[in-house]
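Multiple structures follow.
In the two complexes below, subunit A is the common chain; its partner is subunit B in one and subunit C in the other.
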Partner chain A sequence: MDETVNNPSMKKSFGKSLLYALPMFLITFVFITGGKPDFSDPAGTLAILATFLGMNILYFLMHYTGKTDKFRAIIFIVFALSLSFTLIRNMLEIRHSMSFSQADIVECKIPFCHLVIPMMILPAAFTKSIIFPGTILGGFANISSMAVLWLVATLVLGRGFCSWGCFYGGWDDGFSRLRKKPVIKKISDYWRWMPFAVLLMVAITAALSLTPTYCSWICPFKAVTEFEQVTGMESAAKAGVFISLFLGLVVILPVLTRKRTQCSFLCPLGAMNSLSNKITPFTVKIDKKACNECFKCVDVCPLFALTPEDVKNGKVSIFCSKCGKCVDACSRKAIHYGIKGIPAGSMKKFSRNIFLFVSFLFIAVFSSGAIITVIKSIFNLFI
Partner chain B sequence: MKKIKIAAGIFWAILCLLLILVLFPGLNNFSSGISRFPFMKINPNLTGGEAAEQIVMKSCTLVVRKPVFDGLIGERKQGFVQIDWRGNLPEIISDTIDYDLDKKPDFVIRIGRSESSTVLKPLNPKVRKVGISTPTSYGWSARIKIEK
Partner chain C sequence: MLDTFILGLSSGSTCLLTCGMVFFPYLMAGSAGTRKIISDLSFFLMTRLIVYFLLATLAWYFGKTIFTSAIFRNYISGILYILFAVMLIWYSVGRNRKPDCPAKIVTTVNNKKLVPVFLGVVNSLGFCPALLLILTKSATQGTITQSYLAFLGFFAGSSLYFLPLPLAGRFRKKKVFETVGTLATGLAGIIFIIKGFTNLIGGIING
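Take a look at the complex of A and B:
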């Protein structure tokens, strides 16, 4: 089959790519600068410009090269690193420590993150209250803003949030790219259901104890953000769990498997977002007519979202985070971004253009604050 | 039917595009809106509950909060009462607390701020032990575990 006839490349000419990048250029400029650029601080101005230009170059390259994943991964990984840096810096400035104290809990000053959301639902329904010691409105990472951001992103992107919005996912995404070939190749697909078990467990334990149990006992990202001050055996055990899970699931296993193992096997929010893949209009489709069942897409999928059976059936599973790795790997362009309702193999470019615009705009604006803070800190060292 | 499905898919996708476009400029408004939902308040197990009594002393104010027994459904048998000391605190805090407001003292608490020591003397069998005792930005807070 002549793939260039039936399966057009997603590449665009330089001029056309510029044209497609122009709306993103203008919108991100307005959103990142707030519409009122302030040039009084040289380091801040340079940081904003660098962030803005860097992001728009990545978006332009997505159109120009027709590839998605490698450019998405750059911003996604930088976002994860920047967020941890920003959070740690913020905590060091406010608390002079990476750990939070009992006073921070008593005063409800803990920054909120989206991983708490699965634990909030049952208590919110039964007790009409939030079981997190943060602020509802105002302050750093308040509950209302984070809930709105997650809600809209999940509605729009489904599990795409896990590859285009989550400020933790970049950690294991980054480590999963360090080796060219995996050391551990065979991992049972059954493990991909594990996050549902974790979701069930933390939802029940959080509801019964009225405390966010995943944050208190499991979350591996406590190791790179904030954790409870070690004051006794219990807090030491917690710190041990956080560090072990971070090293195991975010560093070592991703390096050995080239998979995002924390996202695939542990994250309860990932499980919840998988269900939201049923609502979002954007999806990844398999054109069975064009597919030659080489299963390259199965091999490269970092989230175990594709099995040979899925490919044979022409359906991507609910675990798909729309990262674009399979889309980029398919030489026949049989697997592609799509919109629900549009048959597989049709309107590929249109679907990709809309999906890229929506998902990139979200990550670009959402990540810009943290990235600007980091770049500004780097510039401040020299200016 | 096929055309209707395609049109519905595209319509939903464009609606999502518009949603993302208004998300960031409207984030403050959306957040304020969502914060007004009845469940958008922090659980008393974390806030420490509402203030029941305030006693203004020489250099500080003692706030005795309402006991918290809140569970997922109904109340638990075990809970806590939070006491806050606000203002300029003495080096040694020593107070007799009547948390159930029955005019009878329930416990005596003595806090040594410099060595972070807290000694509890229960005067009521419902008073169990010290849960949390910590310096705060406004002074000092202690949570005493109690039974119903």
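Take a look at the complex of A and C:
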């Protein structure tokens, strides 16, 4: 009998889990409070406390139960909803509307988001210009800090960014969990290459037209953030595209398929992150000796990252976002978090502990601000 | 020129997918060496360019003389854009489609020196939806220069894929490039559908 069958669980005792959660507890406390806790505002204090405790309880539970995905999903979904809420609130406060005008574009007042990055690279390399009407330094959601955050996260996590760092992935992740069983079961894995085609097209069109074409014409998340003011046929068509893609790929298809269809079939940043999976130290490994080829992991994977052939070959594809759904689903623990260079089937707990610490730290750092804002707003309604 | 370049860039891989199997043995020309391959490829691309310029002239001429009415320029061209773009999408992502290269006929040519030229002609005249879209665009252009530029954009975009053809055997991920290029062609089709609707709606609004 191999190690996985003898020791199938990633669970830890209460005390050991607490011990593993302690470094996260300290780091998130310092990060969230900025090292100088200010308790003068009751609503703000309660919001900080709720966020801090909520995050650390989730991290503790990951260790205590040995499960990853369901606890990750909670913070990931709350993050996406909170960010949209925060963005919309900011837009309403600053512009009194979710839409932006041509004057806002000219004055570079558009908040930057990481999805623009694939379009910026070619123009930045060839024309030394940033083709996004946002602020480069300082200000709300500025370009340089976002680009650096994304670069660090994607180098460390690879496509793990899409499940542990993305501001929007929680939307279709959330909707993909609403039904217990999928209505549409068979989707060819051929379509998982679509984000690369989108990446190719947006990179070319953005480089040739020197405009962020994905933001201007395609991004479904414009429907829940900010969009161009409808002033004519073209802006109306754009708004139509944003809303249709949001409803189709972020709401309806995830519900029907139980898959993250926007992330799987559209997002060009996801394609770039897939490529960075090649260099990240963290990966998901398949222990062929322990695997009985039940293909449950293939069924549950929300990003079409696993095919029966991948499982038979003992390799996950570059599309893996390390969400942990397949790891949790495998009854034999044949599929597990791993570190490159360490053979599949060995040092599973060590690899998982390291990966969880790093990836959770990213999502905690990215999400805490938006979550605190939302909780504070809720408290302000009642206090 | 931008949209035709993008169309050429996206559909070029489909050309390669459907015709590469025929081109490849000829362009490799056995143990002909780099000089022969470059020479054949140059003749092939030059022929394509000449044929495209001829098509551009014809399309512009017919656009100027026969299809002069506003109805053609707005309604018919809009409908043609949509029709050919839908064909392009089906052509590129239709999973059961059997790739069929118009250049298969080249296998009957005996004079091997003429093969690249012949290949260039049949490849250019393989009336795929992408070419039909460019013809529609050329026919609606104001000047012959604009018509040439439309075809030049398409030629430049689609030719890029042929340049590394002699090295194609060394690519390890050929299938991935084919798949991504094929899907990108479908996306280019969507751009032209939007263009078609813009023409149509513009025509309706402007009477």
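Throughout what follows, the second predicted complex is superposed on the first by the 375 of 383 C-alpha atoms of A that agree within 3 Å, B and C clash if a C-alpha of one lies under 4 Å from a C-alpha of the other, contacts with A are read in each partner's own complex, and residues count from 1 in each chain.
As a working rule, a residue touches a chain if its C-beta (ideal position, glycine included) is under 8 Å from a C-beta of that chain, and two chains touch if they have at least 3 such contacts.
Just so you know, these numbers come straight off a predicted model, no measurement behind them.
In this overlay on subunit A, subunit B fits alongside subunit C without clashing.
Once the two structures are superposed, subunit B and subunit C can be ranked by residues of subunit A touched, with B on top.
In the superposed pair of complexes, A:Val152 makes contact with subunit B only, with no contact to subunit C. By the touch criterion stated above, A:Leu208 is placed in contact with subunit B and with subunit C alike.
With both structures placed on the common chain, the touch criterion links A:Lys289 to neither subunit B nor subunit C. Angle at subunit A between subunit B and subunit C, computed from CA centres in the superposed arrangement: 60 degrees, to the nearest 10.
Contacts of A:Ser129 after superposition: subunit B is touched, whereas subunit C is not reached.
In the superposed pair of complexes, A:Ser188 makes contact with subunit C only, with no contact to subunit B. After overlaying the two complexes on the shared chain, residue contacts for A:Leu200 are found with subunit C alone; subunit B is out of touch. By the document's definition of touching, neither partner reaches A:Lys11: not subunit B, not subunit C.
Contacts of A:Met233 after superposition: subunit C is touched, whereas subunit B is not reached.
Between subunit B and subunit C, the smallest C-alpha to C-alpha distance in the superposed model amounts to 12 Å. Once both structures are placed on chain A, subunit A residues 208 are touched by subunit B and, in the other complex, by subunit C. If you check the complex, the residues on subunit A that touch subunit C are 188, 190-191, 193-194, 196-198, 200-201, 204-205, 208-209, 233, 237.
Subunit B contributes residues 2, 5-10, 12-14, 16-17, 19-21, 23-25, 27-28, 30-32, 34-35, 38-48, 70-73, 82, 132, 134-137, 141, 143 to its touches with subunit A in the complex. By the touch criterion stated above, subunit A contacts subunit B in their complex at residues 27, 31, 101-103, 105-108, 122-134, 136-137, 142-145, 147-149, 152, 155-156, 207-208, 210-211, 280-282, 339-343, 351, 354-355, 357-358, 361-362, 365. Listed in rising order, the residues of subunit C touching subunit A in the complex are 2, 5-6, 9-10, 95, 176, 179-184, 186-188, 194, 198, 201-202, 205.
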